[in-house]
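Chain nomenclature is as follows: A, B, C and D, assigned in order of appearance, with residue numbering initiated at 1 for each chain independently.
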Amino acid sequence: MKPLALIAVLMTGILLLYGTIDMPNWGDPDSPASIHVSPRYIEKTVEETAVPNVVTSALADYRGYDTLGETVVIFTAAMACILLIRRPRK
Amino acid sequence: MTLPFPILIIIVPLITAFFIPIVGWWRRGLCYPLVIVALSVSVVSSIAILHMVGEQGTIRYYLGSWDPPWGIEYVIDHLNAFMAVIVSAISLLVAISSKRSVERELPQKIVYFYCLFLLQVTGLLGIVVTGDMFNLYVFLEIASLAGYALIAIGEDGAPFASFNYMIYGTIGACFYLLSVGYLYVVTGSLNMADLSTILPRLYHSKVVLMAFAFFIVGVGLKMALFPLHVWLPDAYTYAPSAVSALVAPLMTKVGAYVLIRIIFTVFKPSFSVAVIPATTILSWVAIIAILFGCILALGQTDLKRMLAYVLIAEVGYIALGVGLANKAGLTGAILHILNDALMMACLFLVVGAILYKVGLRNVHQFRYLHRKMPITMAAFTITALSVIGIPPTCGFFSKWYLVLGAISAGRWLFTAILLLSSLLNAILFFRVIENVYFEPADAHHGGGHEEISIDEAPLSMLIPILIVTAGILSLGILSGKIISSIIEFAVPPGL
Amino acid sequence: MELIISKYNYWVYIILMMIGFYAMIGKRNLVKKLVGMNIFQTAIILYFVSTGAKRGATIPIVEHGHGEVAHAIQAAHYVNPLPHVLMLTAIVVMVSTFGVALAIIIMLYRRYNTLEEDEILELRK
Amino acid sequence: MIAHLEDVIIQTVCRILIPFIQVYGLYVIAHGHHSPGGGFQGGVILGAGFILFCVAYDINEAKRRLSEKLDTVFCSLGLIIYSGIGFTCLVLGGNYLNYSRLGRILPVDPVNARSLGILGIEIGVGITVMAVMVSIFLDLVSRGKHEEGLG
């Protein structure tokens, strides 16, 4: 089983590396990711949400629904742990 | 003023899931009705949305009133609304039938079971309705996490099967997240509609190619496509009967929906068919999945494990429909999502009823079951005919469109294998039916049959089974109308 | 060679990820699988955060004095906040998956008294 | 089972330390606007404060302060606050989670209403995350039988 796992891992690694050839270099300011959507978060956040911390405004306001989903994920984990392990007091 | 239906489908079951632990402490008996009310509200609102989409076309709902590439948006077209109706209707029926079996298997933990049940349904509905790639990952994680926990409370082998399911499921979800990351680096946006406009320029970049490959592997893992299905038989066999009735019909179908959405909406067919032969590879994998599922199902004696392998074959049908990448094939695939959800729901509900009433799993011990539980076994027979593909039932029509798609794509081998798999299904199910209905040859010498009183499944299990069986029959007849009104527009353009 | 120098963050995350991936599918012990899962998910978080970096940019908190005219805010001065937002979600998902996985492992240990995969498979038959 | 030592040093240090941990946790939640932080980080710090208390004292001692039932109620309470705020925005006419609509009921202009909405979200998330951390810790450590204590 182990050599099979090793082959699968190496193949995935090579495929991933092959995928990174066309990616922008590390930290260059005009990579697509920092040009297309995020400039608006940085420039407009004080104007629109009066919150200087852009991460908090993006987290709770622009993409607030993701954070609701995230909190539901951690709530599911709590309910799962209670369901799976908690033994009622005999 | 029109109610904001797109958000109501998700929010009502979600908020009820938060209230259930509180209500559960106060009065335990109130949880079950609360679940039924919440799911019926989401069924009604999803039908209302299907109606609105029929009139106005695609509905867009901006979460937090931010316009798309910046905020999260809900895009609901015919395919979404169709899937939302299927998911909410089937989860309502399974919720109704879960009352008795949960009270027997998990007496103290009903409160937390129903809370996780609702969270799983909310996660599935969230995946189906969203139009944002990362939001889909969040709701995928909610659905799978609730699934891992629900499966782990089953019988003896359940925790280990759920652990394996978790390892494979996490690898699948992380591959999906990685592909979203690869697309984000090259395009800068997370919104599906926005991506489908930016990507055509980048079709020849290696990053997009790898992102597409890891999307297929990640979603294939979630959908238990053939080489990636290893976790499914154990997970669905050892799960409690109410959970396997919920997870079996829905989890794989929502995975199939995500596959269709990625191949045909985010990446235009011009990429997934022309640039790289993704759909041809997918159709070959699907063919192996169909054969593998049917043949392995022959070897099983435990009814639930046999149905798990039949489910792998059914996922193969849907993947084949998607792989054919022509109008007839895709209509067959989308229709098969509906039909297979109905069939698997009915089969697992019947298995749950048998387990609840008689506690038998081995197929050979089912003699005279038709006397003890006539209605349940009648429903089982009708669904078996539908899986095989006999005309009046809905299974026939989706296979018919798949065969049509295979012929129009000029793949005669696929048509042959489709018919062969129907034959294998026939052998499979008639073996069970023969055990149930007909006495074995050596039993003739005995005296008259001892009198077996009719001991039918409780009403709360019987009604959902009857509704689903009626659905299988009526949708078979109505499938022409369904195709012309819904699936006609659900099939992505440009095929 | 230039390819490796300018894109070394992608190399690092792939190596980390493959170590975690091997541990997840290669190892026999269940807890070692979980450690592999943690490395696997942390590598993806590293990848996402490294895509947001900009050379010569500060943390994404916009300094603006109360009242005085805020000078024009250029996006190039601040790091791209979106990957950080996404990774807050991924970290929470990692923690929750870990919590449920540990709960399942406790159930398994309570039932089979071992955490080796092959021993559990034998005991289960 | 670890023999539970009545160690005076640990208990007095914890008794002094824990209030400051909790105040710092509240600071991190409240100052999510201006400094790095927010609901999740603050909630985890509050949860860690309570877990320190469980480690220093016995679980039964800790359960006297935050009972199992109250902990589950806190879990759902935080989320009810979160989706409740979203729902009030819905009722006030905006889309779901559109805080500028809160400006109708709160005496602030829409932009500051968004900032207050974000603060309300952070509080809801903080409560849920604290309760979840405590609940998962208590379950995993005592393997479900809380009365037997740690280990």
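Just so we're on the same page, a residue touches a chain if its C-beta (ideal position, glycine included) is under 8 Å from a C-beta of that chain, and two chains touch if they have at least 3 such contacts.
Values in this document were obtained by computation on a predicted structure and should not be read as measured data.
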Given chain B and chain C, the chains that contact each of them: A, D
Chain centre separation in whole Å, for chain D relative to chain A (CA means): 22
Chain centre separation in whole Å, for chain D relative to chain B (CA means): 37
Distance from the mean Cα position of chain C to that of chain A, given in whole angstrom: 9
Junction residues of chain D, two or more chains touched: 34-36, 72, 75-76, 79, 83, 86, 96-97, 99, 136, 139-140, 143-144
Where chain C touches two or more other chains, by residue: 21, 25, 51, 61, 82-83, 86, 88-89, 92-93, 96-97, 99-100, 103-104, 106-107
Of all residues in chain A, the ones touching two or more other chains: 16, 20-21, 23, 31, 33-34, 37-38, 41, 52-53, 55, 59, 61, 63-67, 69-82, 84-85
Chain contact topology (line, ring, star, complete or other): complete
Touching residues (chain side chain D, partner chain C) in the complex: 34-36, 40, 136, 139-140, 143-144
Residue ranges of chain B in contact with chain A within the complex: 14, 18, 21, 63-64, 66, 69-72, 108-109, 112-113, 115-116, 119, 122, 126, 134-135, 138-139, 141-142, 145-146, 148-149, 152-153, 178, 182, 184-190, 198, 205-207, 209-211, 213-214
Residues of chain A touching chain D in the complex: 47-53, 55-57, 59-61, 64-65, 67-68, 71-72, 74-75, 77-79, 81-82, 85-87, 89
Complex contact set, residues of chain C against chain B: 21, 24-25, 30, 33, 37, 40-41, 44, 47-48, 51, 82-83, 86, 89-90, 93, 96-97, 100-101, 103-105, 107-108, 111, 120-121, 124
Interfacial residue positions of chain A with respect to chain B in the complex: 15-16, 18-24, 31-38, 40-41, 61-66, 69-70, 72-73, 75-77, 79-80, 82-84, 88
